[in-house]
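Handing you this structure, nothing more for now.
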Amino acid sequence: MSDPQRVAVVGATGYAGFELAQLLLRHPKIQKPTFYMRESSSSAHVKCLTDIFPRLRGWGEAPCRIFSVDAIASSGAGTVFLATPHEASLEMVPQLLDAGLRVVDLSGAFRFHNPETFAKWYKLPAPPKELAEEAVYGLPELYADQLPGARLVANPGCYPTSVILGLRPLVESGWIDPDRGIVADCKSGATGAGKEPKRELHFVEVDENLRAYGLFSHRHTPEVTDHTGIPGEDIVFTTHLLPVARGILSTLYVWFAEPHTPAEVEALYRKFYADRPMMRIWPAGTLPELQHVAHTNFCDIGFALDPAGRRLAVVSCLDNLGKGAAGQAVQNMNAMLGIPEATGLR
Amino acid sequence: MSDPQRVAVVGATGYAGFELAQLLLRHPKIQKPTFYMRESSSSAHVKCLTDIFPRLRGWGEAPCRIFSVDAIASSGAGTVFLATPHEASLEMVPQLLDAGLRVVDLSGAFRFHNPETFAKWYKLPAPPKELAEEAVYGLPELYADQLPGARLVANPGCYPTSVILGLRPLVESGWIDPDRGIVADCKSGATGAGKEPKRELHFVEVDENLRAYGLFSHRHTPEVTDHTGIPGEDIVFTTHLLPVARGILSTLYVWFAEPHTPAEVEALYRKFYADRPMMRIWPAGTLPELQHVAHTNFCDIGFALDPAGRRLAVVSCLDNLGKGAAGQAVQNMNAMLGIPEATGLR
Amino acid sequence: MSDPQRVAVVGATGYAGFELAQLLLRHPKIQKPTFYMRESSSSAHVKCLTDIFPRLRGWGEAPCRIFSVDAIASSGAGTVFLATPHEASLEMVPQLLDAGLRVVDLSGAFRFHNPETFAKWYKLPAPPKELAEEAVYGLPELYADQLPGARLVANPGCYPTSVILGLRPLVESGWIDPDRGIVADCKSGATGAGKEPKRELHFVEVDENLRAYGLFSHRHTPEVTDHTGIPGEDIVFTTHLLPVARGILSTLYVWFAEPHTPAEVEALYRKFYADRPMMRIWPAGTLPELQHVAHTNFCDIGFALDPAGRRLAVVSCLDNLGKGAAGQAVQNMNAMLGIPEATGLR
Amino acid sequence: MSDPQRVAVVGATGYAGFELAQLLLRHPKIQKPTFYMRESSSSAHVKCLTDIFPRLRGWGEAPCRIFSVDAIASSGAGTVFLATPHEASLEMVPQLLDAGLRVVDLSGAFRFHNPETFAKWYKLPAPPKELAEEAVYGLPELYADQLPGARLVANPGCYPTSVILGLRPLVESGWIDPDRGIVADCKSGATGAGKEPKRELHFVEVDENLRAYGLFSHRHTPEVTDHTGIPGEDIVFTTHLLPVARGILSTLYVWFAEPHTPAEVEALYRKFYADRPMMRIWPAGTLPELQHVAHTNFCDIGFALDPAGRRLAVVSCLDNLGKGAAGQAVQNMNAMLGIPEATGLR
């Protein structure tokens, strides 16, 4: 019999997967997770996640097995996290759903209602149309009502999470001057770029450096336009690589059509995110910093308004491995399983 | 007799001053500089710059003396650099000019033609009107013709140098859509914040962090609007503190009224900065990074244009202690004295 | 009535105090702590720890009050943590003990059985002799049996914790060649140097740097000799400041009188620390790194032995704010109160 | 006709090679260098070093050609730098010498008089015996008299340079207690580990970390014992990877047989390195730091002595790409060609 609170994790070898492992090993409301990896030349030696990550010693048992849909289905697990490459998720998700399992997928494969959006931006085959349409975009602050019954949750990208949470209240307010452009200038730590050794991720190439990359071509672009509702031609979304390990800080720029006060802007955010446990709105005149959210699942939002009340800069911060990946995945699981959303995340 | 190529430096104890000392000690066309400091409890022990900066050992002699206008005037020096606080420059500049010396002032005191602009943004007394009007804004790429005869050069701020050099060609092209806003999202290393120990500059507060600061109140704002010619309400200029020692990377966003091609944009910059030895324009499709300009006097400019040719992101990089401060001061001195501009700067 | 599991924290404004606050706010077996600070110009505005550390928002209530012995005693608290300067601890500890409270002191004031040792190395008045003798040196791996009944626990220094835990098994083994010297070359992150802004802790002075400091004068020296039992003339203990926020890595060098095998060395450590939940011994041939222990309460020990089995290098790592300060203080509290030692520390 | 002051560089694509290129492009006494690379899939596109390192734009012409002994010999070059892998140097050196060229080899291939030492520690074929014996170990502070006539100079390793320069005066003094052991605890920045992307050099794996590596197996070990004269069993030499780009700081520990004063120790070093332009001895009571030597060719030495005058800790610092590699190679070239040793190095 499958038990939704017995979970499996596929692909815990990357930074997000490792973070997920740590969160799940401490989660008070679920069974100890089992970890699965693809069969490979090195997998035979791995019996336990500690064999891959020696630093996990002392955190409790974390058995590691060779991945197969049958192995997971017969283990009694009811919920599966995929911290796998896009291609692997494309292949595994239909099989896992067919086996009656619920899935939280951390890849980009099921993030778009229109499967061609994925194919175009990721240069990979499109996912099945019915699954792309069924998948819930796992941003609980916006789509909490769709999560409890979901079979498939597409965990959002790290950059889009910070940008969408920062802009959506403004878009819904109707205060933005539609003639002016909107800019999302985003900066991320290097865990966001993945664990694969590459020239541009060598310590010496990142240390004491800052680099803009992926301008007008970043795969997270369509998530931003889909979930803010801002037309692509009206917004510029850029990404920069910071010499830090963790965290995203997005500076978001809009012009208001009519003047507003700082108190109004603060009230707008507070009302929009009332009762959302992972959102922290900073008082007018203060701003969150990257360090404030590192190793947490919070998304912090602060802002500055010009004296004339027309030009607004919003700072939206989160930990790209927390609210930007693994933490959000756990938050989604909590919502799917009827567990209070912040459980295991503070 | 005063010799213009005999130089004096007042206030070499900060980061910009130290950089200036290093540049001048190696400069092939000037006499070895003399350094001056205010009399203080510790100044009596200081005979040589090496007494303040032990790491200067082996770089050559750098005599240090107590500052007075007479001491400088009677030393035979003809050109004086002020790496002093704004208040000190306000006081020293008129005296040094009266003594027949030429001055390159690294403070903000004489950067504005309208002296009230300084008073308002720096909350200090306004400089004398006739000196504020006489001072040349020391950005040789724009004002080279005014430098040779100048008595007083106001060395620009580090952020404005990067923003103005990145935006001015676009403004002059007439291509910018005037209805859309312009954004300058700037990121700087910590030497730009000065050497004074402060809580927010403690290693632990900067390391693994990113912080936006001075939003809508940064003192460099009026330099940006004065020298780009963009009205204040149409541009947002923001600053962020990076966990690196040196360098500024400014990401600049404009919308074009009509579509343009990458080749047109590259050609615009190349033409505008033809023969300017310290400007490096990156080929369309490539972008400069902070590391490319560290420890140099270059300002590097690259860009990305959206496929529709309407949304442009420009990346402008420089070393805040080089082209953003001390290097630019030497470049200004070169221009003032008829020495080729890049001398001592490569 | 005082309840031992109701705790108070005095001085949570530094790095160790903040870490302590975070640990205690999540601790499953104690009452929510109350925080106390000295009355000052700014203390009137502080009602809650979040007023000092905005990043604590969302972590739960953390009331802040003005310190007085009466306030603590009448609050019902039974256990007090002092994350205060040495001078303050010297004054507060006797008063708090007199009021019937139990104290874990994170300062250096009560770490030495001989009170003159403190006076000599810290250049401050000696603590009362009877308290210096009564105080338990709070290293649970060595002195667990003295903790349950203790009224006063002196929480060890961060460097000594790493050095003593690394050397003590070797000293007790009798394997060390007494003719050879012993070296403890220690490297620490900048949180260990405190939060006070100082020139040498400015980001620019620590970033891309490494600096040895306090050679033959570091205050932690007598803790090392007292608790390893190695005579001062036979050991050199040095400290270096790393460009990282957290963590200590100590490389410890000894020569053996007779050859030993890696298996023997590993077995020695495993036996010595059997059942100690916060010690992780690395298999022969592997070494712990700083990252492995950051944000944990573990002390990790690994080693390398030369092929002849005579020269040994031991690597002992911990988080200076965890096992080196706040985490160890909580571990001590657990032992004092009969709570399993690792509670709240994983 | 070959001209000794016309130089060629083979293999400028790594960190040391790039540093060498920068030094040689600015060197006032040599012809502009020509750069050579092995033919490969990408080499066809490379006409100039700027094609590999865009940041070199504006530094002058740096033509790049396909490597062959004939191409170099027929170019008129007289001196060749090899910044190549050990295997490549093993192959190229005999051919270049046969063609009448002089060689400075930055690899480890010719650093050992006994060719079997190389074979054993590098697990590669031994170099020809007569060349291993002919090669001069290029540490000008010790072997200046052998450099002017040399055909082949083996440029030392970065760690050994710092350790040998720090220990050799002590060894020659006869002051060291032979019963006590000697420890060299060395810490290096990540450029020392090479440019090849590897998991352990990923930014995230180095940042906020410190790691000991290569204990009792580091290839630089035999250089240390050969040129200090200390028997291998009496010294432990260890290496650590710092989260910085550049620099080595070695902390060296010795015990004296008889007490000495700080003044005696300082005088010992000053006398030993009198007139050596790249050595900076720090006054007793002060210590050099990594930042002091970054981007220089200096080796800085300071020390601390215990109050009893018996235990000595020496701090020896250099830039691993400067005095530890490329700068030293230029210093060696200067000595070979009769150019003052520090030319082009300040």
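By letter and in written order, the chains are A, B, C and D; residue numbering begins at 1 in each of them.
Criterion: contacts are C-beta pairs under 8 Å (C-beta built on N, C-alpha and C of every residue); 3 or more make two chains touch, one makes a residue touch a chain.
Computed from a predicted structure; not experimentally measured.
Trainee: Looking at the contacts, which chains touch chain A and chain B alike?
Mentor: In this structure, the chains that contact chain B and also chain A are C, D.
Trainee: With one step meaning two chains touch, work out the least steps from chain B to chain D.
Mentor: 1
Trainee: Taking each chain's centre as the mean of its Cα atoms, which chain lies farthest from chain C?
Mentor: Farthest from chain C by mean C-alpha position: B.
Trainee: Roughly how many whole angstrom separate the Cα centroids of chain C and chain D?
Mentor: 40
Trainee: Using mean CA coordinates as chain centres, what's the chain A-chain C distance in Å?
Mentor: Their C-alpha centroids are separated by 36 Å.
Trainee: Let me have the rounded angstrom distance from the C-alpha centre of chain A over to the C-alpha centre of chain D, please.
Mentor: 46
Trainee: Indicate the residues of chain B shared as contacts by at least two other chains.
Mentor: Each of 205, 207-208, 243-245, 291 in chain B touches at least two other chains.
Trainee: For the complex, which residues does chain D have touching chain A?
Mentor: Chain D reaches chain A through residues 15, 190-191, 195, 197-199, 201-208, 243-245.
Trainee: Mind listing the chain A positions that touch chain B in their complex?
Mentor: 179-181, 183, 185, 187, 189, 205, 208-213, 215-216, 233, 236, 238, 240, 242-247, 249, 251, 253, 255, 287, 289-291, 294, 304-308, 310-311, 313, 315
Trainee: Using the touch definition from the top, list the residues of chain B that touch chain D in their complex.
Mentor: The contact residues of chain B facing chain D are 26, 54-55, 57-59, 207-208, 277, 280, 282, 286, 291-293, 295, 298, 346.
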